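Across the two complexes that follow, chain A remains constant while its partner is chain B and subsequently chain C.
Entry: the complex of A and B
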């Protein structure tokens, strides 16, 4: 244990050392900043743009930014590696090369290819183009998206959550070797594990088969919950509000229940007994669509929409103190924004748990439907 | 929908899938399996302990019931034995009494019979003696008939004295 603790400490120090080297690297970004990231956020449009920017994934990890007395825009945070699969193969560089530019004005040249970042997406410029040109709907006309495997902020969040889970739960697992009842933080985690097992998996999947799916359900439950809660911290993660993440999670559930479907499940899905034969193909289509499209879609959209909406509402309420300043004066608008944001924040803490619970609950429900064996034959 | 599709990042999707797969594997191996196993072990342990306690309680109950039953049986046996003893004693006494009675009556009867017999014998003897005596007297009387009257009387008197002596 001591060695593990030491190595964790060492890792933390190493990480801090590594990133502190890059933290002020961004100080050099001076006038490259465009008007949109120009610091002050005053109007409703700027607030909306700011929130939209936050809701998207980011290639930098910025804690906060400010404009210095010399009018320089300073960002406090660290850059993250950009990993692209471009038309010429793998390209890697640090995100600091974009100098926090997000509207395609900074061009990074690597391997003879030019890259620009537009609204948190990295575009590869077409051959011969020197700058990005836009059409009237602000779409790039001479650049295309690349496959972006960067360690983005969301990936950092995912890795962080994974790290926390591995740390906490392997520690809890180790405790059982020496004692029957865990102590410390393990005592908090154990009832949660039992809760997922007894309240979510067992009643929905059934006593006989639930064990096989416990690993997935527990992992997904804690993964979503931790990331939802991380999203409420000032670190500014929005991982479970990324559609790609929720799609991946829902696909895991879908693959699991499709591959563990019992004979009865497939018989009922594809050739429903007890129904006129003419109706059976129609029902099969409906059932298949339900299991392959609708159920995973409901899973992924529910989580995505709830978390996105939560972030949007909290940020909008915080922005009230800016947008309402004109109408109510600074004290009243700040007080109102504080009270409302606090209220919504408390609800969001509940929602963070609720969405993790619902995702796990529905996953186990769908798995339960698939593994169920009917007895009326 | 278009913005949703536009926001969908295939790279992040791939990263999420890879990381989640690795996480699933690691968590299963290092966390969930040992945790769930020990939880189950603990639960079955608790269940077994409860069951054992219940069994012990039942056994204890059985034991006390057994003890009580045994004590009751012993008491009943003792009572029965005492009753038997009393009966036997009573019977022996009554038998003894009856025997004694029988013996005494028999003795008395025997005694009476022998008394009767003796009496008969004595009477017969007496009769015989009287007869002999009478005959003797008669003989003597007859012998002395011809002598004097005084002689005769003296003779009778003498004989009577002899008889008295007898």
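Entry: the complex of A and C
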């Protein structure tokens, strides 16, 4: 009975996954037909543009979009609030006012200021300008960027992950007041928390000091993991693939290990004992560059590049069913892309965990380096 | 064009590195199966460091 239940669950999940893949495929398919009629845009270019657009943050939340038989572009999703700090102060409106336009042709007027969206970035038009004009390299000449505090798609993803974590972990923490072993979903979370504590924090930071950093390490671990997994769902999030997000995460780690550095750490960084005095300033420069630039940079680039590359590969393989259709026929190309995409997707699930693990592991390694106290002989 | 050649070179280098790490870790585990956990953790850390290097080079090549 239990096995039957389990297999039903598995089949449902597989069906949902297949269904969402089909939606995505039909979306791309219709695009191609559209261009065959027009005969202008290369499908390969269209697919690349689609992937590039996905990898960026967007101001509206679109599940899927297609061109109807009348040639009208239809979007399914909802708009998100745009919050700007312009030259005249705070400006807010809904992103639906841009009508999904992304090349600066739709101008939104608010508080006497004009705004245009170009490649997922919002520009404020200069005084007196009515439309955006571009130079040869497609840079806007009479508009400038504003401070953008919008609730974009990635922000929605972050808020969603934060909400999930708050819900799960406050519930888990509350359970320990009345019982020893958690019940429900807490049973899934407890081993993970203990794994982070015993396999990541304890051996790297040390028995005495690991407790202070558990909050940060657990938050970072689950935050990255949930968002990585969210990026694999058909919702189309790409949060940990935004370089701004990974920069912020790496900055947190850097600030934490710099500010919790022990006396020994600073002594060894700035004035290394046991080497000739003439070498000490050179070593200090190298060590400082390592701790302030190279270590955070490698942390942020690893996460960003892994997730971006993963999304790129998955979407390219799904797009195979469009680009290979003429060469192999619809059935063979769809089967091929489905098999390859499934294979990469399984690897991506592993990568989602591995990147969260590596980020936490290296963070705790760096923190461990900083808080370590040496015995003086 | 040139950055594609560069990307290929990076991937060759990263592949050699990862092969070395993975191969030696396998040997280590085969010799001392009881230390498998520790070897795996160390292997993943070194692999991640190498990966960070390779990805850094790829990103710089693209920019």
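Assume the second predicted complex is superposed on the first by the 331 of 377 C-alpha atoms of A that agree within 3 Å, B and C clash if a C-alpha of one lies under 4 Å from a C-alpha of the other, contacts with A are read in each partner's own complex, and residues count from 1 in each chain.
The rule is short, and it goes like this: contacts are C-beta pairs under 8 Å (C-beta built on N, C-alpha and C of every residue); 3 or more make two chains touch, one makes a residue touch a chain.
These numbers were taken from a predicted model, which means no experiment stands behind them.
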item: Partner chain(s) touched by A:134 [first = chain B, second = chain C, both, neither]; value: neither
item: Partner chain in contact with A:298 - chain B first, chain C second, else both or neither; value: second
item: Which superposed partner A:312 touches (first chain B, second chain C, both, neither); value: neither
item: More chain A residues in contact - chain B or chain C; value: B
item: Touching partner for A:358 - first (chain B), second (chain C), both, neither; value: second
item: First, second, both or neither for A:50, with chain B first and chain C second; value: neither
item: Contact footprint of chain A on chain C as seen in their complex; value: 41, 44-45, 48-49, 51-53, 55-56, 58-59
item: Residue ranges of chain B in contact with chain A within the complex; value: 4, 7-17, 19-20, 22-24, 26-28, 30-36, 38-39, 42, 45
item: Sites on chain A touched by chain B in the complex; value: 56-57, 121, 147-152, 154-155, 158-159, 162, 165-166, 169-170, 172-174, 176-177, 180-181, 190, 193-194, 197, 211, 214-216, 218-219, 223, 242-245, 247-249, 251-252
item: Chain A - residues contacting chain C, complex; value: 199, 297-299, 301-302, 304-306, 354, 357-358, 361-362, 365
